[in-house]
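Chain naming follows the written order as A, B and C, and within any one chain the residues start at number 1.
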Amino acid sequence: MLEVSGLSKSFGGLAAIDRASLEVAADEIVALIGPNGAGKTTLFACVAGFLKPDTGSVRFLGRDVTGLPPHHICAQGIARTFQIAQPFARLSVLENVMVGAYHATRLRRDATAQAEVVARQVGLGGQLDMRADALTLAGRKRLELARALATQPKLLLLDEVMAGLNPVEVEEIIGMVRKIHATGVVILLIEHVMQAVISLAARAYVLSNGRIIANGSPTAIAGDPAVIDAYLGHGAAARLKQGPPHA
Amino acid sequence: MLTPEILFAGVINGLMAGGIYVLVAVGLTLIYGVLHIVNFAHGSLLMLAMYSVFFLWRKPLGLDPYVSLPFVTAGAFAFGYLLYRSLIGHFSHGKDENILLITLGLSIIIDNATLFFFTGDTQTIDVAYAGHMISLGPAVVALPKLVSFGAALLICLLLGLFMTRTDMGKAIRAVAKERQGARLVGIDVEGVMAISYGIGIACLGAAACLLMPTFYVSPTSGHAFVLIAFTIVALGGMGSFKGALLGGLIIGVVESIGGLWLGEQLGQIGIPLVFILILLLRPTGLFGAAR
Amino acid sequence: MTRRGLTLTGLSVLVLIAYPWVFSSNYAINLGFLVLFAAYLGQTWNIAGGFAGQTSFGHVVFFGVGAYVSTILQTAYGVNPWIAWLFAALGGALLGWIVGVLSYRAGLKGAYFALITLAVAEVGRIVANSVPITKGGLGILLQADPRPANFQFRDPVWFYYIVLALCLLSLLTAWQLTRTRFGARLAAIRENEDAAQALGIDSLREKVKCLTLSGGLCGAGGTVYVQKYLYIDPSIAFGVDKSVEMLLVSMIGGAGTVLGPLIGSGLLHVVGEVTRDLGNMLPGVSNAQPLSLIVYGALLIAIVAWLPDGLMGLFRKRRKEARRA
C-alpha cells in the first residue's frame, strides 16, 4: 500500500534521512522505532507532504505521491497526527473533529454526525462542547486521533501518540488503535513506548542516524545486535523477546 | 532631464538622508533582534522625539538641536526603558501579532496626543547655519545635512563598539542569540530587554536631533517614518546591524532618486514598492537569518 | 440558532428599522449611518481578520479602490451609478484576489502580512495622489443630482436604510461562515494552519477566497460612501485611519464573531461622543476629536491584553457562568 524507496533528506549538509526504504501492506500495523533524532518524524513529514525529500520516492496505492503538498496527501487517503498535539485551541472538541469530517462531506449536518461518531469512538463523547485547549494531554492525543480519523483515511500515520501518557492511558489508546485497525485502516506508527510496539505491530523498522538498520517482527529485531546497540539496550531487548503480553 | 550631475546630486542627498535613516533602522532592528518585537510604534516615537527637539528649541529654552542631542537621547532612552517596563515588557512573550497590535495602539495614542497638544500644524526649526551650502563635486549639500550624516554614522560606530566591547553589549547579544541560555548563565534577561528597548528608542532621540535642522515634523509624520523604518529593516534583514546600515543608505538613495525620476508625488512610491517586493521575493532581506 | 436568539435578532432588526422614525433629526440619522457603516466595514475586515486570522493593517485599500472605481466610471465614462457600484465590488474583489495570491504564495502571515497590506494601501494612496484620472490630491466631486436612479437621495434616511441592508447582508455572511465548511476551514487555518493542511485543507486557496470576498464587500462600501458625501480624495480613500477603525470595531466587539463589529461600532461611537463632549468642556480646547482616538488606542491595548475575544467574548463567558450556576 505504502512504498517508501530510497528517501533522503538533508538539512544544511546534515543527512536527516539517508536512503530509507519501507513498505506497509494493506492489512498491517507497522511500527517505526529508533533513538531520538534518528529521523523518524522527518520521514513522516516527507511522506505527509510537509517536507520535500531530496531523493527517493513515496508511492501510495500505486500512485507516486512524492513531494505533494499536505492537503493533496490527505486527499489521497493518508492522515497524520503530530508528535506535539496541535489542536484548534479555541474551537470545541466537536468543531475540531468536524474539520476533519468536512474532508469527506460538505454538509454541516453530515459532518456533525460523523464527527460525533468518531469523537465517541475515541472516548471524547462527553466533552464535545469543551474547548480544545482545556483538554488534558491524554484528551488532546485522542483529539489528534479523532480528527485524523474523521477524514476517513486509508492509511494513518501516528507520531508518538502514546508519548507522555500514563500506563492506563496507554492501554486505552492501544485498544483504540486496534479497533481502528479492525475497521480496515492501515497504520504506520512511530513509537518509543515498547509495550505499544509489541502489542500492536506485526512488523517494525528500526531507524538510526537516518538509516533503516533492521526490519522484522518485534521479536526478530530484539535479537539483532545492531538494534540493541543503537537503541534498545539489553534489558528491553530481553523483554521484547518474551513476546507480546496479551495474546 | 536626469543629467549625470543631477543624478549625482540626488545620490549624495539620498545618502545624507539615508545616514539618519540608518540610525532609525538600527533601533528597530535591535528591538526586533533582541526582543522579537515588531515595534509598530517606532515611527510615532520618532515623531515624539522630534517634537521634543522642537519644544526645546522654542523660546524660552532656545536649545540648538545639536546641543540638545545628548539630553534628548538620554531622555529617549529613559522613556523607552520605562515604556518597556510598564507596558511592552508584559506582552513581549506572546504572539508576533499581539505585540504588533499593542504597539499599534501605542502609536495611535502617541499620534493623537501630539495632535491634541501641538495641533495639526507642521513645525520646522530654523537654525542660523541651515542655509550654509557645501559643494561636493557637482552636488551642493546643506551643511546641517552633512553634519547630521557624519554624526549618525559616528553614533552607529559608537553603538557598534558598545555592542562588541562592553559587558552590557555582550549581554544584549547573548540574549538576542539564546534567551534561555543567557538566563542560565545569570544574565538579568528582563533588565537587558528593557535596556535594549531603551537603546532602540535612544537611537530615535538622536535621529530626531539630526533630522530637525533640515526636516519638518507633523502629527502624521509617524506613518511615513514607520514604513521607511520597516522597509529598511526588511531590506537589510530583521535583526541585522549590517543590514540596517546598508539598507538605510540604499533606501535614502531610492527615495531621493525616486523623487527626481517620478516627481515629488509619485516618487514616494519607491519605498512601499521596495517593501512589497522584498517581502514577496526575499523576505529574509540581505543579511537576515532564515525564518 | 436558538428560539431566544432568533427572537432577539428579529427584535434588534426591527429596532434598527424603526430607529429613523423615532429619532428623525438629520443628526440622529447621520449618526445611525456612521455607526452602521463602520459596522459594515468592520465586518468586511472581520471576515478576513477575525474569522480567518488574517490581520490586515491596510484594508482601507479595498474601500478606496471601490470608491474610485465607481466614481471614475460615473464622472469620466457616464456609467450608471448602480452599475458602477457592481464594478466597485468587483474591483475590490479583484484586488483582494491579487493581494491574497501574491502574499500567501510568498508564505506571508502574521505581522508580515499585516505590514504588506499597509504598504499596498500606501501605494494606493500615492497612485491616487499622482495620476490624472483620479484628479490627484484635489479629489473628485460628484455632481449633486439627487435622484434614486442616480444613486443619490435628498433625504439621508435612504442612505441609512441602504447601509442597514448592507450591514444585515454582512451579518448574514458572517453567520453563514459559522455554519459552513468554508467557515470551519477558515477557523482551522486561523487556529493552526499546519494541522489544517494535514486534514486536507488547501489553505492557500481558502485564504485567497476569503480575502477576495472581504475585498469585494469592502469595495462596495466605498461606493456608498461617495454617493452619500459626493466627494473622494486620496487621504479619505486610502488613509490609515479607516484601516484602524475597521480593525478596532472588530477587535473591541469580538474578532471572529458575527455581532462583534456591530457592537464594537456602537461602543466606539458612544465612547467617541462622550469623550468629545467632555473634552470640549475643558478650557482652551478647540478640537477634542484626538482625545477620542487616544481612548480608542488605549481600548485596543486593553482588549489585546485582557480581553482578546472582545466584548462578545465577555458576554459568552458571563452566559457560560450563569448557565453553570
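As a convention for this text, contacts are C-beta pairs under 8 Å (C-beta built on N, C-alpha and C of every residue); 3 or more make two chains touch, one makes a residue touch a chain.
Because the structure is predicted, anything quoted here is derived from the model rather than measured.
A.B. asks: Using the contact definition given at the top, which chains are in touch with both subunit A and subunit C?
C.D. replies: The shared contacts of subunit A and subunit C amount to nothing, since no chain touches both.
A.B. asks: Measuring between mean CA coordinates, which chain is farthest from subunit B?
C.D. replies: Between subunit B and every other chain, the largest centroid distance is to A.
A.B. asks: Centre of all protein Cα atoms: which chain's centre is nearest to it?
C.D. replies: C
A.B. asks: Find the geometric centre of each of subunit A and subunit C from their Cα atoms only, then give the gap between the two centres in Å, rounded to an integer.
C.D. replies: So the centre of subunit A lies 44 Å away from the centre of subunit C.
A.B. asks: How many angstrom between the C-alpha centroids of subunit B and subunit A?
C.D. replies: For subunit A versus subunit B, the centre distance works out to 50 Å.
A.B. asks: Report the inter-chain centroid distance for subunit B and subunit C in whole angstrom, where each centroid is the mean of the CA atoms.
C.D. replies: 32
A.B. asks: Spell out, as numbers or ranges, the residues of subunit A touching 2 or more other chains.
C.D. replies: Expected reply: no residues.
A.B. asks: Taking the complex as given, what residues does subunit C use to touch subunit B?
C.D. replies: Per the touch definition, subunit C meets subunit B at residues 55, 57, 102-103, 106-108, 110-112, 114-116, 118-120, 122-123, 126-127, 129-130, 136-137, 240, 244, 247, 251, 287-288, 290-291, 293-294, 296-301, 304-305, 308.
A.B. asks: Across the complex, what residues on subunit A touch subunit C?
C.D. replies: For subunit A paired with subunit C, touching residues are 48-50, 69-71, 74-75, 79-80, 82, 86-91, 95, 98-100, 102-103, 106, 108, 111, 147-148, 150-151.
A.B. asks: Looking at the complex, which residues from subunit B come into contact with subunit C?
C.D. replies: Going through subunit B, the ones touching subunit C are 38, 87, 90-91, 95-98, 100-102, 104-109, 111-113, 115-116, 223, 227, 230-231, 262-263, 265-266, 268-269, 272-273, 275-276, 279-281, 283.
A.B. asks: Within the complex, which stretch of subunit C touches subunit A?
C.D. replies: Interface residues on the subunit C side: 179-181, 184-185, 187-188, 191-192, 194-203.
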